[in-house]
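These notes open a run of structures that come right after.
Common to both upcoming complexes is chain A, partnered first by chain B, then by chain C.
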Partner chain A sequence: MIDKLPIPRWARRAIIPIIIVPLVVLYPEYYTSLGTSQLIPTLSTAVTMTVFVCMAVGLNMVVGYAGLLDLGYVAFYAIGSYVAGWFASTQFASHSIVFGAVGVQSHAIGIHISIWLLLPVAAAMAAAAGVVIGLPTLRLRGDYLALVTLGFGEIIPQVVRNGDNMFGTGFNLTNGVAGITPIDPMGFRYLHGILPFLPDNFLLTPNLDVWFYRVGLLLVAITVFCSIRLRDSRLGRAWVALREDEIAAAAMGVPLMQVKTWAYASGAFFGGAAGCFYGVYQGGAIPDNFKLYISTLLLAMVILGGMGNVWGVCLGAAVLSYLNQQGLGAIGNTINSNFGTNIEITKYEAGLFGLLIVLMMLFRPQGLIPSSRRKAEFDVVKEEHEAAGVVVG
Partner chain B sequence: MSAEAPPAPTANPPALLELDKVRTFYGRIEAVKGLSITVNEGEIVTLIGANGAGKSTTLRSIQGLTKPKAGTIRFAGKEIQNAPPHQIVQMGIAHSPEGRRLFPRMSVRENLEMGAFNRSDREGIEQDTEHVYSLFPRLSERRGQQAGTLSGGEQQMCSIGRALMSRPKLLLLDEPSMGLAPILVDKIFEIIQEINREGTTILLVEQNALIALGIASRGYVLETGRVTLSDRAEALATNDEVRKAYLGIS
Partner chain C sequence: MATDTHTARRPVLAVLPRVTGLLNRAVTIALLALLVFWLAVNFVQGPGQFGSVLLIGFTNGALYALIALGYTLVYGIIELINFAHGDVFMWGTMITVSIAGTRLGLDGSQSGIVTFFGVLAAMVGAMVFCGILNPTIERVALRRLRNAPRLAPLITTLGISYILSNAAQFFYGPNYTGVGAILPSNILFLDWPAKSLIVILATIPLLLALTYVVRRTRQGKAMRAVAQDMDAARMMGVDVDRTISFTFALAGILAGAGGTLYVLEITTTRYDLGQIGLLAFTAAVLGGIGNLTGATLGALIIGLIQAFNEGLSWHAPGEQWTTSIVFSILILILVFRPQGLLGQPEADRA
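Let's look at the complex of A and B:
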């Protein structure tokens, strides 16, 4: 419909960002005036949404760009969270290292590194884990690959659950089921001196969610920017070629091994950063947070939004993480209070998301905002079906 | 027999590609059973034979897509049987594979760009793209079109063009005539000859033995993974066995 309006192309491309970006960035300023309905996303939900958008955009590099199914993405989230846990808490009590940390005494026990430094470290460690999972799976395709990634996504939480006594040596790496908590807060420890409006410690601000939301958005912006740059790079073209026809890609001189490994590493990188940030926001790295459910939810976000299209995936992730975090419960409560029913809708969460995916597959398999290439793919199938219909009719 | 019809190549000119007792397996099935062939610089050499003779597997072995289990493959003096495909492409071997295998959702232009994946000289790539368009004007008309929507002949042109984009010394062509109307086959084979005249050595796999022997200088007949005959192309075209088995002429 918007296509038919006499608006120049550049303006059309600019309109949506010009409207959406301020709406998103300024959300903490106006959300209280939207009313008191529990359907309005709280700031805490909004922070979670930024985290899931980052992870979904990261997963999209593996699944949407390179066409490699990954059912164990939660592992990278876990690794990111535990990096925060290890290097910004009292976990390693025999050490006393404090470097740029916020809200910690200068001689506190444990390792306390600035979260700003830990974000890239977590991302790099997750990327390294991505390479580790990538390497043995390079020869696998399709279902087999999916199985290995599924296994990897299960192994990492098990390792952290049992990591309070590594190999029986008594070395406590992960603090077992209890997890590592608390994790140090974030804050602009040094910039605060120069720019006083930047808070020293988020936990000491009137509403800590505001600053976490802003940092979350910054992470989203970086992730989306990198994702688009990667897509348009030589590596991105190699991913598309790989997805389209692996043999042909190899025959063109695409080094399959490297290209696949880079896909896993790049995807994992952003999952690790988001996991680190989320660990800090939640104040802990707890094994029970890292369930298979997260991996499937992330995959659903990618599929719902439109595999391969960054904006679609952002939308899919925002919608599903909102529903998961707050929306479904709020909808349930609204129904219950209006109709006098007593349904705990959150109990049906997984089923409802499953239903959503089935409906999407039936009616809009290309996703909410499909990538142009994927769209073409589905259009060709549609034409073939129509052509077949003509023959039959 | 006169002395001027040597079936095997001599040491002069130097062989560009040499396969020595190459054996390639799919799982436990031996598809190529100790194959030895030679391609000299500037030649068009053809491998002919029935379905399942191991022709395509031979090309896949040369390109490193299916690693041979035994034997050596020498290209421009270097052993390449253990090199990965992308290195082999960089050394100067390009492959237009069986079934064309274009990237269906990429445009013609993007497919050609993928052919130049390992090159970074923009100007050279631009020149070569134009050169491919001049060889195949149809591709130029359809440069923005998705490769999956091209006709069979256009797809074949795009596949050959894409292979040329790496500026190969040796071009491996797998069944360029497959599924094409005879008039298109003639056209494509004319262009293959032109590519050869421009200095690219060609190893051509064909089921259509008649037309392949028509443009090749030498040929090998493959049967169940072995070379059963090798000779100059004209000699093979008049050979009784070949005529019976592959040309359908008794």
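Let's look at the complex of A and C:
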């Protein structure tokens, strides 16, 4: 219908963003007027959603663009959180370094560096870890690669959990099971003097989630922008070529090792930044948060949305992180109060996600919003299948 | 690419493989020497403790072998890492607890004959259950994806693994469930843990039976044919779908038997036991995936490493590091010897 109307192409493309962007950005202003139903996402849920959208878009670069299955993405989340923990808390009490931090005395013990500086540092450290994971695995085929990432995703949380006494030396790197807490808050320390409407310290504002939500959205915007620009770059086209046919790509002069390493590094970069932000928001880096389950959940987000399509992945991540954080419990409670049942739906969360993954793979492997290239690929597979069926039949 | 830089770098590149090869060998030998030294010191310090740790290692290894063979059988035939296999094994332990513990009430107080037949019934029950569950998974979820992109079935098995473990949580609850000590802890007056010996002894006929099926029967021949070339096998009249189902059933049967033996040895189980599958898979890769002898050998090595790490007292990293150690081994093996200890270097199958 809309195709027939005399609207220019750019305007048609702009319609959906023009509706959605203000709805998302202004969410803190109007969400209280949506009613008191527990199904309405709270601001705290919304912050978590922004974090998971960032991570899923990062993972999408590895899985969706380059076609390398990564089952250990939680490692980058952990690294990001622990960078925040190391450089913005009292963890290293023998030092006293304060640089632009919010809400700490100028001679406080421990290292306190401005979170704004730590975000790129965390991202860079995660990217470096991505290279370390990527480098030895370049020669391996897809499923072996998945196993190595799975291995790293199990090793890093275990190192973190046991890191309060590294190799029996008594050196406390990660504070063990208790984790590093509290982490310094965020705030516009210097900008506050120039532009007074920017708060000095988020924790001292009347509704602290509002500012965390805005920063989270900023991170999402940066991640999505970078993701799209990377996809259309020379590197991004090399990733897609690699995903479609490794041998053909190599024959066309795509340097496989370099391109794969960059895929891991860029994916990890955004995971690290999001992990750092989430650590600050939660006020601590806790080992129990870094489970294989998170890696699978992120993978489910990418699959649900549509591998390779940034907007689809954003949608998938928003939906699943909402369900994970608040939605499932709220839906369960709503069902129970309306029908008088007593189902603890959150207990079946893992099984429901498993079911979702299986059903998506069986009936809509291209995802909710498939990328046009992926869609074409699945159609070709189907045609080949049918053609083969005709020959055999 | 400019040709002059290419020729300039050539001599360096030509030497590189030899240097890295020598380095690899030197590092490997040094690491092995260190390992032997560490074991020797531990042996001298406590021979008795070393002996019991060795037995635990062999028992773990026997259990891992039964799971690892399932991974290796399935990978051998359709080149798929079946992430749900560990959870099929977990269901084997659950069924054993249901039959031996809840239904028959075995707790070690019954006479030898009753215990023997009770355990046998539980084992057959677990084997039948897992032997049906595993091909059902293949039939329902994996068969449709046989021509899909390579990662699709892999991700599907991951989803199934979550479904299976969540279902176990639903039926058996979130806490540990188990049976009493069904088997005696020592034989007559000898101070050997009898249950460990029984586990090891029970594994041997299972492995022999598997070898017989794969090497000597018609169905085993079909399996090997499909593993080698699916299309050629189909043209020769092999029913490929049936053969793949049969392979999944064999893998499930071994996992079920492993589940019973695990319950006899450890006595407790829980819905998230499926994670053990990752250790077993590492064993399969270590031995050379697709290779039955390799899987058994790899399982014994992983079992011993785990037991040494957790049981020895002189400079052992301890239980909290087991996962890291096993996965480090997995990564090193994949990087330096992807074909495993006994596997043949494979041609690049895209």
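Here is the rule we use: the second predicted complex is superposed on the first by the 373 of 393 C-alpha atoms of A that agree within 3 Å, B and C clash if a C-alpha of one lies under 4 Å from a C-alpha of the other, contacts with A are read in each partner's own complex, and residues count from 1 in each chain.
Convention: a residue touches a chain if its C-beta (ideal position, glycine included) is under 8 Å from a C-beta of that chain, and two chains touch if they have at least 3 such contacts.
Bear in mind that the values here come from a model prediction, so they are computed numbers and not experimental data.
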Considering only the touch criterion stated at the top, classify A:Gln158 as touching first (chain B), second (chain C), both, or neither.
second
So in the superposed three-chain picture, is A:Gly253 touching just chain B, just chain C, both, or none of them (first/second/both/neither)?
both
Check whether A:Phe188 is in contact with chain B, with chain C, with both or with neither, and answer first, second, both or neither.
neither
After lining up the shared chain so the two structures overlap, which partner does A:Gly354 touch, if you call chain B first and chain C second: first, second, both or neither?
second
Of chain C and chain B, partner touching more chain A residues
C
A:Arg237 in the overlay: touching chain B, chain C, both, or neither? Say first, second, both or neither.
first
Intersection of the chain A residues that touch chain B with those that touch chain C
245, 247, 253, 377
Touching residues (chain side chain C, partner chain A) in the complex
1, 79-81, 141, 144-145, 147-156, 158-163, 165-167, 169-170, 278, 281, 285, 320-321, 323-324, 327-328, 330-331, 334-335, 338, 350
Chain A contacts chain B in the complex at 234, 237-238, 240-241, 244-245, 247-257, 373, 376-377, 380
Quick one: in the complex, what on chain A touches chain C?
67, 69, 71, 136-137, 139-140, 142-144, 146-148, 150-152, 154-155, 158-159, 161-162, 245-247, 253, 296, 299-300, 303, 347-358, 361-362, 365, 377, 381, 384-385, 388
Spell out the part of chain B that touches chain A in their complex, as residue ranges.
63, 65, 84-86, 88-90, 95, 97, 101-106, 110, 113-115, 117-118, 146, 148-149, 162, 166
